[in-house]
Amino acid sequence: MNRPGEYCGLCGVIGSRTAPSALAAEGLLAQQHRGQEAAGVAALTDNGRILLHKRKGLVSEAMADAPKALFDGSVKAAVGHVRYGTFGGDDILNAQPILVSMAGIPVAIAHNGTISNAGSIRRDLQRKGHILQTGTDTEIVLHLMSRELERNNYNMRRCFDIALSKLEGAFCLLLLTPEGMYAVRDPLGFRPLCLGRIPEGGWVVASESIAFSMTGAEYVREIGAGEIVFFSGDGSRPSVARFDGAAELFRSGDGLAQCIFEHVYFARPGSMVFGDSVYRVRLEMGRRLAREHPADCDVVVPVPDSGMFAAIGYSRESGVDLDMGFTRNHYVGRTFIDPTQAARQSMVMRKIQPIPSAVAGKRVCVVEDSIVRGTTSITRIKALREAGAREVHMRVSCPPHRHACYFGIDFPQQDKLIAHDRSVTEVARILGLDSLAYLSVEGMLSCVGAHPVRDYCTACFTGEYPVLPPSDGYPGKEEP
Amino acid sequence: MNRPGEYCGLCGVIGSRTAPSALAAEGLLAQQHRGQEAAGVAALTDNGRILLHKRKGLVSEAMADAPKALFDGSVKAAVGHVRYGTFGGDDILNAQPILVSMAGIPVAIAHNGTISNAGSIRRDLQRKGHILQTGTDTEIVLHLMSRELERNNYNMRRCFDIALSKLEGAFCLLLLTPEGMYAVRDPLGFRPLCLGRIPEGGWVVASESIAFSMTGAEYVREIGAGEIVFFSGDGSRPSVARFDGAAELFRSGDGLAQCIFEHVYFARPGSMVFGDSVYRVRLEMGRRLAREHPADCDVVVPVPDSGMFAAIGYSRESGVDLDMGFTRNHYVGRTFIDPTQAARQSMVMRKIQPIPSAVAGKRVCVVEDSIVRGTTSITRIKALREAGAREVHMRVSCPPHRHACYFGIDFPQQDKLIAHDRSVTEVARILGLDSLAYLSVEGMLSCVGAHPVRDYCTACFTGEYPVLPPSDGYPGKEEP
Amino acid sequence: MNRPGEYCGLCGVIGSRTAPSALAAEGLLAQQHRGQEAAGVAALTDNGRILLHKRKGLVSEAMADAPKALFDGSVKAAVGHVRYGTFGGDDILNAQPILVSMAGIPVAIAHNGTISNAGSIRRDLQRKGHILQTGTDTEIVLHLMSRELERNNYNMRRCFDIALSKLEGAFCLLLLTPEGMYAVRDPLGFRPLCLGRIPEGGWVVASESIAFSMTGAEYVREIGAGEIVFFSGDGSRPSVARFDGAAELFRSGDGLAQCIFEHVYFARPGSMVFGDSVYRVRLEMGRRLAREHPADCDVVVPVPDSGMFAAIGYSRESGVDLDMGFTRNHYVGRTFIDPTQAARQSMVMRKIQPIPSAVAGKRVCVVEDSIVRGTTSITRIKALREAGAREVHMRVSCPPHRHACYFGIDFPQQDKLIAHDRSVTEVARILGLDSLAYLSVEGMLSCVGAHPVRDYCTACFTGEYPVLPPSDGYPGKEEP
Amino acid sequence: MNRPGEYCGLCGVIGSRTAPSALAAEGLLAQQHRGQEAAGVAALTDNGRILLHKRKGLVSEAMADAPKALFDGSVKAAVGHVRYGTFGGDDILNAQPILVSMAGIPVAIAHNGTISNAGSIRRDLQRKGHILQTGTDTEIVLHLMSRELERNNYNMRRCFDIALSKLEGAFCLLLLTPEGMYAVRDPLGFRPLCLGRIPEGGWVVASESIAFSMTGAEYVREIGAGEIVFFSGDGSRPSVARFDGAAELFRSGDGLAQCIFEHVYFARPGSMVFGDSVYRVRLEMGRRLAREHPADCDVVVPVPDSGMFAAIGYSRESGVDLDMGFTRNHYVGRTFIDPTQAARQSMVMRKIQPIPSAVAGKRVCVVEDSIVRGTTSITRIKALREAGAREVHMRVSCPPHRHACYFGIDFPQQDKLIAHDRSVTEVARILGLDSLAYLSVEGMLSCVGAHPVRDYCTACFTGEYPVLPPSDGYPGKEEP
């Protein structure tokens, strides 16, 4: 999918009987939707070494040539990462986890999010003589730690705390050292991170709880915003603390900044995210959407698979039949048709095709989770009409996207957002719809239950950013 | 998917402005579900040469290293094939199309089906000194033709007719010669083959009409059983004739033997097959199933994606809410977990996982299109119970599978079919269900409309074979 | 090397304790100079099956992905082939050995040489309905055999005899059947083939005896022209017979047609070829050259490695010091310099470079084994002068090449031979030499000892062909 | 070759009309014998960026997938490296050149030699917080520079000078920055580095002058020990200075420490090294050897190719005929023979085989350049006897190897050196020789002419090291 909003996924496992690295890789597979550009696993062995294997491509491709040692019985903890290239270029150098040797001590790190002040930290490190090897904002954490090692008697925990205290923005981190594994979630809680326990022993940390499915772990709770959790790997419970960081960022009384778009679009419906079932939230969004914006139609048609759950909610609440008006081909790839011969737009059709017998002669209400650029929607709506639909209406289970995201979602430039400067009526006209309606911000927030509404970031819809955007623009971008 | 019932798909294109080979490859992509083992395209050029490119793997993989010439403007016709390895071994030699030089004349052929008397023809050819290069039943057609060339003054059409007259069993064939393209469907019409017309010029033949979606072709009609259709590529209408073949196989007054399982499971819902919309047939099967076997339940849950359409029909007819109780991961591959550490069965879980919040505490009615071995069903039903389902019922939109197929569907040995020797009650017990019911044969046949019910083969359900099984067992098996 | 004259090499092993296929592969490695385009090994197993592995590239590359089974203990005989693509195109289809199933019986064949009447046999087979899969002249042998099988009660030996009786031209063949291995050399003995015995048991057949070095075999004798030798693999001595073939080709009293160019250039100096030591023959050619054409010079400089042995002979006989005036780089490949920037000719310099301190100020006599096109010689002579040589003379250890070869040596078109229409003086001028002289035909033939001089083909020097050139030009060329 | 003593090679090109990167790659090809483990080229473009391509394998393999941009017209300077893995592990991370970004400024470095105090510098850098990415001693140079950048106003030359002043041991360095290229040779001149000028414009620096052959450059002179040469790339002459480094290492009046083994074995005979022609030196060593140790023999046989030049000298001086008693196969690879079936030792035979007709019945004097472990020699001598040699004598064109090298030659552990603790007589017995003799140290040194004898390091023969071995053993070894 070319849909924006894909970023990264994390999975760390420690203390399990089955090789933690194997479970971490399975956890990445279950979170492949969070990043298809690269995948990697770092594994801590009995003798305190860390092995790393990372490659471009899907988890299955990247792990295909992993050395056997990565998955063998001597591994006692592992952290894994799937990458969607927000920035840093697509060089394998920028894949994660990143493994370095600090004064002979191996340390691996994996990161989901965007550190807002990475640029200024990077420049400061360089002034002091540091040579950074990657273009990622992640690597600076390691250099901040490395500077502290000697004066802190090589106490890794202390050095990590100091480094964290200097970071701003959105970050979930997994850190692997010879002593064990750390899991950290930033003070505003932009990105999700949750904790699972394996009944026979061992712990799992992942961006989404769906990663637990193959590990056998049970969902325990979300990692709290501003928490640092340490797992020693000896079977004992992890130690939990708040880290001394970015305190000034806390908007006292203003709550957290959890990304509501995870519920709308990004997370898998089988996951728990920010303490809520994504499935439940989406179904409820569909119901709420039906109440806010009923449509005079014969069938409710989901865009597969993204609009499926909202469409079920919409159908139930409205009483209009749900129907699969589109069929999806799971096998696509580069086209064989010369682009000068074929309309570029129609490529969208290769993946999702209308079923004429399902829509011909009907008033169709298409339910989609979100519209970003609108280009694929145009094609699909046109295809529905060509397949014989009498009317085409669209209902969207979130508000119009009108603002940039600085915290990890790879939306296009603001002016590429179809709703950026346009009224809903104008968007409907461009998309070729008989009617169009979006879920309201209030409606959307009413569907989540685990946190108060002020604990969610809705900046891409409202423009109200939880922290100031970085003064030097998009942070930390530098090619190595 | 490891589900049996996958065989082969064909797509031939001639006379189009866009390179016919590119359109054929797109047509294969849309039919990738019919075979993932190998893919190939043979292309006829302006100067009467035939280029061939075939490889193991998916269409996108197999075509990745195709030479540019295959897709360039000098190509005037192309036939493509996706293969599911029924027999002949997995050697690339057995991939199709097969291209040979007959006395200097290039001829390519692609085949979907099983020629019942291939074994005896093969042995006869060998006695006469022929050396066959592949283990396929397809190659014998070429050798039968080759023997006739000289005595028929190199009239390719005449030689093809003679060869066809000797074949028995199930076969759709595409033949490419310097003169043009032939499309053939066997006299009993086991496998589907349909004709499309490109408005700006050109013709398309494919196993399923979904293959037309990227070619821009309009569905014209199915190729009739026993028809041989020739396309000269000069823009004129194809010439249609009945070929003089296998006449004794026609059961006078007994109708055709079109495979009903194409509608139940194999074809894509967006396709026209045997003159009916697969989508409509499946929805109707769900409705009929609800009338035959209502369930006392809270939600109707489809097995994704196979049970989706029947589930929608079932939900509508029964009035019980449809819900997505399973979520599907499109990214899987080889597992990383040591098989000695993980229960083999739980691998099923990597692809399809239950959503606890959708099923917990509910009486769930799972709708599936068919049950063959039953092994994956056992795992899924167990997973639903672990996710908290109170009751689990299953409704299947075809009758129980109890007999082997000799005409192209790769079912397992009869004794591996879970329903082979068992009552429905016994199957329900093995699957761990609270109740189980199958659609009746009559109910199933009542859902198709384009042909009389006697025109469908239901042998895998009823054991009533349209022709005698081959006397020498599974035909033509020989490794080259 | 881009030098013409490279064709194919054979190695067959049977009955050895070490896997015959491993020894055959080693034998191919030792004969890699005979063909670098493709390599393959066919292995007969205990249970009468034949495994085949062949690939484009060097032996080491081609065998890198060979299945283990090819080399395991169940293999009892093996035939191998290295290919230099004389014709048939570079498709892997044309690599050898060729393995087919004749009426269920596996047969593999490997061939060195050129069957002159392959074209007419091919056309006759096609008229009878045979479909040939390759463009090689080798495959026709198998089809000729296949036609005879039934009427000869599947007696493979008898069928092979019949096929051989129809062949004309140059051919050494190794045939592997479930019964054992056959080795055949054509009646005129164009190409070499020799027999070795492994002291602990087993037999080896190879184009050159250097192939015995890793097998531990001792040289027994050359396979006689017109012999068919059968090895049963049970430890008994091979049975030897003359085959009933091409009798009319024997020029009674005129002797054989053994290729003298094998001794001049093609074979490795460590080999026995046609019963003579290649080393001895080359040294003697150098001595004779010195007697026929002394040079007034300070140093004798061989072109590495081709002129080395003749240069040693020349130096000894003349009493002039030998010196290595050229150094050779064994590591080269595609150039990185844009061909529009660099003179194409100077690429020759990457492989062989003059050593200024060895030649500066000296009168250099370069000794080379042969000159074909002359292009590389021009560059090297120019380089010697640039490195400071005062005079450059050249002595060539064979006569001038002036005629095409129809029996396996891939010389360029006659008019590309620098000496084709030119006097030695003219050639010397073109090459930029102070003097040039070639060994005489008589001188060359005086250096071999195992056969009378009339038993050698010198057609490329003299134009006197041992048989008539094929009436239809270069034989059998057809792309499949 | 498995012979020790292979290390690294450098080639830098600037200001040439032909892409400097293409010429540098050609220069590496000509120096491939100096390292086959990895190869790389860093290229400086018009706009001040540096592109890097490096891979494991031979130059031809490593450069096969280089991006076109690396060789295009915008490149104005390039440095290349071939690596023999002395230490740092075989990870691609340790291939060179190494490219980093120092505060946004790209800098690439390539290194030949061993920095003795790398270990202590590395530890010091780590204490200060630096994270080193590779296990090489090369990377520390960059970190030493990086630390100086800010306080020296980003004056790259100044920072490089400071870094150099801290290094001890053997190092030739090429440094590429947006300003141009630096070439450095350590104060004792362990390793060679020479300067060439391209007549049409541009400069080349390489370990050996043979690298100039394809660049068209003329040999100018060796880079002096302790020199730093800067090339701006604007066509002007390079600026030369002595760098302020390791002054205390200069043994006043004691001369340099140029590695005599470059002349004996390592460099190519066509090269100028330390101001002498390697060809001349080797020929002279052979002559001197003949005078010091005549042999009563019939033929002088070189071990190909290493003993060739000394053998020619030996033959000329002694008046005994030279003969090629061994033939070499340039095509080898992994063996196909099960190691349990074949004597490991005989694998040596695959590469170099005796020619029976050249040695049978003769008293053979084998000339070799050096003996290290002696294992391959044992096999070859045995093979000569099996081929019929009546007596086998050996003459070696350097003294016995008895001591470790700390300055870049990868000799085995001292106790693996066959001569380490043994008399020449004992070695002769182990090798199975009728007689054995080595060139004396004085004899060896008498053959070089460009520098006084005290300017050469002979430590591997004499144990007299030019500087103290590093106190902490083999320096700087750490896996990243």
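Annotations for the structure displayed:
Order of writing sets the labels: A, B, C and D. Residues in every chain begin at 1.
Throughout what follows, a residue touches a chain if its C-beta (ideal position, glycine included) is under 8 Å from a C-beta of that chain, and two chains touch if they have at least 3 such contacts.
From a predicted model like this one, the values you see are computed outputs, not experimental measurements.
Steps from chain A to chain C, taking the shortest chain of touch contacts, total 2. Rounded to a whole number, the gap between the C-alpha centres of chain C and chain D is 38 angstrom.
Once the centre of each chain is set as its mean CA position, chain B and chain D turn out to be 64 Å apart.
Each chain gets a centre from the mean of its Cα atoms; for chain A and chain D, those two points are 51 Å apart.
Chain-to-chain contact here is organised cyclically: the chains close a single ring, every chain touching exactly two others.
Of all possible chain pairings, those that touch are A-B, A-D, B-C, C-D.
Touching chain D in their complex are the following residues of chain C: 17-19, 21-23, 25-26, 29-30, 32-33, 36, 58-61, 63-64, 66, 71, 210, 213-214, 268-270, 277, 279-280, 305, 308-309, 312, 315-316, 321-324, 327-338, 341-342, 346, 349-350, 353-358. Those residues of chain D that touch chain A in the shared complex are 100-104, 123, 126-133, 142-143, 146-150, 478-480.
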